[in-house]
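Structures follow.
Below, chain A partners chain B and then partners chain C, in two separate complexes.
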Partner chain A sequence: METVTLTIKNQPDLFLEADTITPDAFAGKKIEEIADLHVYVGREQHRLGDFFEISGKAGATPEETKIVVNGDLSRVKYIGMKMTAGEVVVNGNADMYVGAWMQGGKITVNGDVDAFAGTGMKGGELIIKGNAGNYLGAAYRGDWRGMQAGTITVTGNAGSDIGTFMNGGEIVIGGDVDVHVATHAEGGRIIIKGNAKSRLGGQMVEGEIYVLGSIDLMMPGFAYREDVDVDVDGIKGRFALYEGDLGERHRKRKGQTIYAKLYQRIEA
Partner chain B sequence: MAEYLIKNGFVFDPVLGIKGDKADVAIKNGKIVETTALGSPKVIDAAGKTVMAGGVDIHAHVAGPKVNIGRNFRPEDKLFGYKARSGIERMQGGFSVPTTIRTGYNYARMGYTTVMEAAMPPLYARHTHEEMRDTPILDQGAYPVFGNNWFVLEYLKNHEIENAAAYIAWLLRATKGYAVKVVNPGGTEAWGWGLNCENIHDPVPYFDITPAQIVKGLIEANEHLGLPHSMHVHANNLGNPGNYTTTLDTFKLSEGIKPNSKFGRDQVMHHTHVQFHSYGGDSWVNVESKAKEIMDYVNSHENITIDMGQVTLDETTTMTADGPFEHHLTELNHLKWANADVELETGSGVVPYVYSPNIKVCAIQWAIGLELALFAKDPMRIFITTDHPNAGPFIRYPRVIKWLMSTEAREQQFDAFKHKDKVIDATNLAGIDRELNLYEIAQMTRAGPAKALGLAHMYGGLAPGLEADVAVYDFNPNEPYAPDEIETAFLNAEHLFKTGVQVVRDHNIASNGNKRTLWVNAKVDENPQVMRDVREKFLRYYTVTLNNYEVTGHYLPNPYVIEVDATE
Partner chain C sequence: MTKTVTDVICPFCGTLCDDLEVVVSADNKELLEVYNACAIGAEKFLHSQAKDRITRPRMRQEDGSWKEISYDEAIEYTAKILTDARKPLMYGWSSTNCEAQAVGSEIGELVGAVMDNTATVCHGTSLIAVQDIGIPSCTLGEVKNRADRILFWGCNPAHAHPRHMSRYSIFPRGFFTGKGHKGRKVIVIDPRPTDTASVADVHLQIEQGRDYELLNAFRVAFKDEQLPDVVAGIPKEKIYEAAELLKSGRFVIIFFGMGVTQSLGKNHNIDEAIAVTRDLNEYTKAAIMPMRGHYNVTGSGQVWGWLFGFPYAVDLSRGFARYNPGETTSNDLLRRDEVDAVFVLGSDPGAHFPFSSVKKIYNLPSVAIDPHETPTTEVCKVHVPVAFVGVEVGGCAYRMDNVPIETRKVVEPPEGMMTDEEFLRHVLARVKEIQGV
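Right after this comes the complex of A and B.
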């Protein structure tokens, strides 16, 4: 694995749209060619090298390419967008759309990310050591195809509307979440180790939500079924199982109606 | 204006009867002229290339409120598809519901020069015209919808043809409309009551009139006026298994009625997107093609024209004034749904749809559309459309042409279906070896639709005196070619002239053209009753006054009026 290191040297006046910061775009290129990749500020096109100090060496393929991005990236959007392989390490806070539509490889953010991280994610691993913003692992605006596969792990808290239209994959939140979890979801799993607020699983058809802490307000469309023992992904304990959203259509499989499942921990 | 001589191309022109012979096409002052009329023209070398008149689209949803609902509620349709402004090209976006700018450019890239907006809600005619105004290059007109309009329902219930005709003439003038469109006659009004009209004898609630009376009455009123185009219908029961009998029943309403039009058309009914109306069976499990039965009727009845509504196997956006159908669709695919009611006039719905090659029904729909064209005896009466964007985006016309011209291309598509054998069992297509030639394609995309629109005196051919709408494609019909080369060539016209202006040069947009809006001004005898009815309905029911209804002035910066005299 070869490594390219980017260090931000000029902050953009507005925001930098840098969907070229991916192993796919860097692989097989010389440092000068990487510096010539396009980025946008508003409607103006610039070079990546206008904003970053770039050093190191890219691998021949995305698989063999690691990118380390350093500095204050809170005005840099789309890091790792659509990446299929390789690795990106972000040392700092990043703006919106980190790992959006990513298909493979690994992104580690040693800081916070703003909204829409992992939007429409299809595969790979997105690790956020700080907090995540709203719409983590959600669908793009208007789209009904949210996160399909892959894993998102957040050490801190997440904002609202995580996992909207989620169809597969897993989101694990170490801390608390804001309102609207897995709205419209048709699959996938969300684990919340801290507390949740309200509107969990609204219009959710299938999939699982685990909450280890408290829930301020349960959706009226979720009905308590029974207490069960859970042992999933290192999460162990006695949980109250709710099913819903009863106001939605539900598929049948082998004569059984399929519901979304919401587990809330009673005791560890 | 510049003169052009397009030299030595292989010309396909049904108007002059030229079937691929080498010929020169001369352009002067916006018109096609004899080559001897030119002074010192700019010469375009078209040797080894295909030359045709500009394409004419008789039915597409490209402007107006429901198209804009599609744009607004489908941001995902624009995702990653933007093209920044460059040179004279303005910014473009969207796939199945493209921006007006992209609509104009993409039609031009395909060699099309005239596109009719197929359903204009009269109340929102201003919006429709604003969008057409912003669509570059193309000549356009729009068809106001009449099939669920309260005036029409009341007049035709009592068979008051003259009153219906006077109202049509007034509405065409008020909305700057081009033709009489009918969508699910009576059914959309019934939808306002939570109901539908499922066959031509299913009465409309409250109004107590049947779809058959509406359709027949509107044909009669259309011929009473002698409009350029015929009544243009989307029949009841669209998209349902077994609906072909409703379609045949609708066709039969035209029997015995002769065209009365000085504009040269032979039909009194144009039935649109017939693919959606040619289904046998009684459920989605046993749905099958009835294209043969439909085309047997069309082939033997000269007063009907149709267009295909070809499914292109894409993710697209369905939109129609057939409100109940869109509700049916959202119940089927569980995707988002928009629904609108347009006061005394019509309604509409919008739902995204994915025509997947892995779904049997979608593949059957694909086969049915192609069968219609391939069973056609007279290519001057069946036209290539996708009912854009309902069965697929118009940008796929070149792909439809490829399928029609190549059994190899059709076999490739059959092989890509998940349920190939079941699709073959339910359709006729695998047994059809007909391959259309470029002359027939020119009939289905140029001369035919121009004639059916009553615009053969302007469009659809290369005879001297016609508008200088000429496309040059980088395609040599006399050399061997792979099917995909057809699609590539027709997707990227090398040159295109619109009314004598070169709008595509070397495959690039070269001009934003001089877009015109066509509308029909039908003069009728004074009809105090209809004018009193109009005033009364506006006073009682409409949310706007007459002054805020009529389309005038700046909505049509470059109008082209077609005059019709229907006074006694």
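Right after this comes the complex of A and C.
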């Protein structure tokens, strides 16, 4: 695998839209060609090279291309958007839409990300070593197909509205989450190792939520069923199982109504 | 000699009453009296007659004082800040006509602006929910003639839409609602004992910020599933009872306001309220409607809907329309320093936005187009006074139920004063000149 290193040298005075920072856009290009890729500040078009010091070498294909981005990227949007393969490592905080609509490959952020990371994700791996903002792994506005597949792992906390309209894949949050988890979800799994507030699984049709810490307020549409032993993904212990959202529509399989499942840990 | 103009439209709130009578002087220069309007509507008409009204554009000077400038200078300033900026915010659009909104959209497209309207701090969250799950709605005429279950959730029409209850929702006798108030059951859901709640048959005094939970509980109750003993501070028996009351109606209408659109959960609350409405249609006929505030905020959503595909928070900076509230909404843009010029027309963010956002406007090149002196004109660099739409110039407006109504001109504006549309047409021409298109 070949590596291209980007180091931010000029901060944009507004925000930089850099959806070209992907292995797909870099693969097979010379450093000068990569520097000529387009980025935007408002309606002005610029070159990637106007904002970044660029060195190293890109691979022939996205699979063989790794991108390392250094510096304060808190005013840079869309890093790794729609990438299909290869690797991106972000050393610093990044702004919105990291890994949005990504289909494959791996992104590691050694810092925090703002909202809409992993929006509409279809595959691949998104690892955030810091905190994530709102709408992590959610659907884009108006889209009823949220995250389809792939995994998102956050070491720290996440904001509100994670996994909205989620259909598949997995989101693991090491810390706490804000309100509205897996709203409208029809599949997939969310694991919250810290505490949750309220509105977990609102309008949820199918899928699983695991909470290891506390829940401030359970949705009225979730009913306690029984205590169960859980052993998934390194999460072991005795959990209280709730099913819901009783107010929402549900499919039937073999005459049985299929509900979304919410597990809350009682003991490890 | 005076004249009475009938069937005048009130350009104040989203109820857009169309039965006002206005007495004007024979030369059409003075507006003397207003009949049928509520107090806030009448005030809007009479305000246009203020003797100390500002009639010429003004530019803020270094020392903070205003200097009168010509309309030409104001046009030049506006065109220049919009073309110099890389991402200008063009905000407001709710207290003007659709004609002006359309010209403004053309400017926005040329300069790559973010177009946003007052929905951003009001019913924008409702629009998100509508996009997510659709909306079964109706017109106010249908409400008047058919509805026998009226639910007001987080809104207080007694004060915000004073004639709504008498014209459409509670008191009128309609085709199938001949008994008027007597034939209707009114439910109010509000944490406060409002004046609207005082005329209700049922008032559920919900715990603040628990609307999503209570709406969810209604859906559980419709399906006869088990509820926790108390939800959102309301005992479950009362929830089952209210759910039955709604199911037993012939036509249910749910009106909702900023108590649910801007409290915890925002779009989720409306999403769930729409789901409640959809569920009710399993048992009876039900519809839901946002209580839109400004008289033509609905119209600006309509205009942008047909021009750009989105009703507010439309980012045109890259030459195509993007829409993502949370990113492309005015307060997020201002908070994050994403825009470098601010244009305001037909709204008062100085009064409605958080102070931190207003401060950002103060620090940017900015222009406010408004008939009044407002908190916004106080923080902007240039203030362009214009004629009152619906009083001194007509034009199309959309009522809260998306019915378009042509407003009427009843008096002449002060000598030499431009309308919103005229001013915008000049700015558009100048922008084209500067850009060489």
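Heads up, the rule we're going with is that the second predicted complex is superposed on the first by the 268 of 268 C-alpha atoms of A that agree within 3 Å, B and C clash if a C-alpha of one lies under 4 Å from a C-alpha of the other, contacts with A are read in each partner's own complex, and residues count from 1 in each chain.
Methods note: a contact is a pair of C-beta atoms (placed from the backbone, for glycine too) under 8 Å apart; a residue touches a chain by one contact, two chains touch by 3 or more.
Owing to the predicted nature of the structure, the values given are computational and were not obtained by experimental measurement.
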Are chain B and chain C a fit on chain A, or do they clash, once the structures share the same frame?
clash
According to the contact criterion defined above, which of chain B and chain C contacts more residues of chain A?
C
Thinking of the overlay built on chain A, is A:100 touched by chain B (first), by chain C (second), by both, or by neither?
neither
Give one of first, second, both or neither to describe whether A:142 is in contact with chain B, with chain C, with both, or with none.
both
Is A:43 touching the first partner chain B, the second partner chain C, both, or neither of them?
both
So, does A:113 touch the first partner chain B, the second partner chain C, both, or neither?
neither
Which partner chains sit in contact with A:184 here, chain B, chain C, both or neither? Use first/second/both/neither.
second
Considering 129-137, 165-173, 327-335 or 363-371, which region of chain C has C-alpha atoms that clash with chain B after the structures are aligned on chain A?
129-137
Can you list the residues of chain A that meet both chain B and chain C?
43, 140-142, 144
Provide the residue numbers of chain B that touch chain A in the complex, in ascending order.
73-77, 79, 84, 334-336
Footprint of chain C on chain A - complex, ascending:
13-15, 17, 40-44, 96, 115-116, 134-135, 140-142, 144, 179-180, 183-184, 198-199, 202-203, 217-221, 223, 245-248
Within their complex, state which residues of chain C touch chain A.
85-87, 111-112, 128, 131-132, 212-213, 216-220, 222-223, 225-228, 231, 264-265, 268, 271-272, 275, 279, 317-319, 323-327, 336-340
Show which residues of chain A lie in contact with chain B when the two form their complex.
43, 140-144, 249
